[in-house]
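Structure provided below as structure tokens; questions to follow.
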């Protein structure tokens, strides 16, 4: 075999933001990045998304917050976070040194919340804003904005007006028509899209004869949902011309390659990073290895070929 | 502990059809019932659904038809079947002796197909018709009818006019709003509903750089989808007053109990029966054991309590 | 055909990536339905004396297979493996570790329980094969040929039995078959043993009354074609992805002259002229 | 805190449903990142001599825990287990087999690889505990107390150390702790050993300077309340469902006087008065 292959190029341009590689740690599964430091240097990542931030601090949901399912994890955290102000003041200065793209994931309950929160956080040194209109675990707001294309367009348009950083909109797999929402967000000015957030599911404790979660339903993530996430990533990629960041059940470098073949510009890793802290590091290495083995020089050679 | 408990009562009334117990083998995973005979006496079942039948014989899809995923199975069989006529003439007389409810699962490509097929098969000795308006693996028809409430209502109304047996409509989890479709089917005259059919997913062979399935997407079933199926079973049960038959990833007696607590009148077992031929037999035993242990005398005590 | 609990007796690597597994169905496990959480208390190694008798529980045709599932939760589905030998209360498999399923099988240790459903499908019609016979194996396709050769060697209507085996590089499984055949011919793709090339380079079907083949699709196709030209009867054992293995899911169908057939119950052995490789011809 | 590959040295049942697992982090595995498919070639049993030294890799606080994951694909998530002992390159766990995760751990055999992340969380502040000390354990809550008792027994500022242990019926783990405490009191719910009743029936906090408790929530709540009345300092080790164990997912939060706290990094040991059992008070 030929031996003088060059190392594959993993660099990704995400609407102007240059990422070292396409591997981004997903919101809510990576804290604010500090938790990973004992395990590896976060600078190796393409980037990471912060835990969902809201205008005001939120305590999150009470009761059980996690339930494992076959090859999956259900969660009902409920956007527990210290609020944008505390994030920008106390946390961001500490994590800026990581030398990787910081994407602020922003949640909300009202249109005004979203606009104010995105404006506020976009004035800071974060590299990008990920607008979470797809959280299934908050009663008023969150997912409601990601369900209807018109409502999604409205919130994106409003946020976009004052958001000073590239705006990535995170879509909900629970939308009746995720492609329609994607198109509406693109038209409303989104710079990029990310998908999927968790899928609404139900767990029942048959012995106690009640739902496991206080909110009854909760969001399903992990390897179980990968085929569904991959299908949606392809559907949305084919429908829009802005970059799409795919996620849902990614565990390996080959999973990452599959999402890129389905059209993703970059990918995010959530649940698999909870299973093992060094997962993202391993996925980057595996993706490089896969590309070398299969003689793929850069991601654009395989992006969207399916 | 008290020892003189009576055996729990598993009998289910499904719109006039009395089932020995709520465990029904799901369509497409049980052939025409004959394959199970070497393993157990099919008369122990509440009933079984035949492989999807169509007006004319169908060869099904070519290419790879199965792909395992984490805790799931993707299939793209494409309604391979001998057609209603051959079923009624050659197969039904042989399987009538099983002494369990036979539910004819009917697929189609056009409104006329559905009406003719249901009429034809309902004249035979089958106990019930399950109208499959949710097969994701057939290009024209199938799932398309289960996506839009108005279209679903139309096909149900038309079929119902000439169908001589109770009509159960099988819903698609790929519908934008499964509850709206359920309500429309109820209003159009459905006697019962069953859900969920498989969820549309995508698998990519990253080495070959192409989709695994010739149809690109295929239907996901098995334990991976259980939380989603359970959520939809509850949503639909709460929205309609006709009986709902729940399925999706059921593997154990406790899983069956969870679906019943979520509102199901009965349950179906698909993929788990492929993993081990004796699964339905085991689920019946486990459900009995669960009820005895938890001191539940009959299913109505727990049905819909969540 | 039954679905029962067995115990792993021995699971041994016989060549890189190639393992041999023996499982035992015994009184102690025959009645059990569930995979126990820890090992069953059976560690004795039954001496594998295959000369004596056939499988004790039902007739087994060479080419039939079992669906095997270990205690591992993943992968979900059982995996089909051909009967390599069957005798007394023991069944032996020869297999190549490829993906998740065969890896789970490779992890079995003596005493571990295995759920096995079988014997499944239709094998080679031993009583119906006569005269000069060639067995053609490609790689792990050699697995069913030990039991097939033993059974054929007992048949008075067989006059000669030649094994033609092709490998990528490493040879395996030959010594188990040697006692039962009149001749062995070997080809390797890299020329490291036998003739360099493919099995089809070292056998011409014309002198044979029957050719029985098992191996990868391109090989089966080539064997089919050359048998057709030579007018030699040809039976092939076909692989397909399976879920149930008992005919219930239609996941394993192949296209044949008589329409779709399920590999798991109508096969895996088919007359070669029946099988439409590449979906059509 | 690190995530590394260890090898199971010994995994033994010490009472019905209760197991003790020792794992070793050695030069041979310290650098490995992946769970190999078959066992690693380390079968030696390190003599477990815990008198001598502390864990070789970093200081371990009693009450800290590791997240353990075996090769089994299911369950997906690792499981938290408290440090029962830590010495040299060996960590020992005492655990009860409950669901899928602990069952997978119970299936570990000598030589099997285990992925362990730890030591995680905040344990008991050994240097900060003085005078007359009571350890209160409910059931498997006794697990961290062997290492805790050994560490406390070395502290010159401890004047007495009483272990108060409650069980449903069967006793376990006591003999490992006995050498390090001045007194052991036992209660069983069925009265089969010690006093019939709950731990709270056999200890009054007043005579103690500190009470350290680990066990089910209702017990912790009762201990907290009686310590409050008595004015005795009380520390409790709390359980919560965990996904990551490193503070990244917020799945393990409990409600405290200072708001939500993550059990995995802010705990599992908390001052009892901080913890709002039942979400509020």
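First chain written, first letter: the chains are A, B, C and D, and each begins at residue 1.
To be clear about the criterion, a residue touches a chain if its C-beta (ideal position, glycine included) is under 8 Å from a C-beta of that chain, and two chains touch if they have at least 3 such contacts.
Source: prediction; values computed, not measured.
Chains that touch both chain A and chain C are the following: B, D. Distance between Cα centroids is largest for the pairing of chain A with C. For this pair, chain C with chain D, the centres built from the Cα atoms lie 51 Å apart. Centre-to-centre, using mean CA coordinates, chain B is 47 Å away from chain D.
With centres defined as mean CA coordinates, chain D is found 35 Å away from chain A. For chain A, residues that reach two or more other chains under the stated contact definition are 70-72, 223.
Residue positions 73-74 of chain C are each in touch with at least two other chains.
If you draw each protein chain as a dot and join the dots that touch, you get one closed loop, with every dot joined to exactly two others. Chain pairs that touch one another: A-B, A-D, B-C, C-D.
By the touch criterion stated above, chain D contacts chain C in their complex at residues 37-38, 72-74, 103, 106-107.
Against chain D, in their complex, chain A makes its touches with residues 28-31, 35-36, 38-39, 51, 59-60, 62-68, 70-73, 75, 77, 80, 222-223, 271, 273-278, 282.
Contacts from chain D toward chain A in the complex involve residues 1-3, 33, 69, 73-78, 100, 115, 117, 241-244, 246-253, 255, 259-260, 265, 279.
Partner chain A is touched in their complex by these residues of chain B: 69-72, 74, 176-177, 199-204, 206-207, 209-211, 216-217, 220, 223-228, 230-231, 234, 249, 254, 257-258, 261-262, 290, 294, 302, 305-306.
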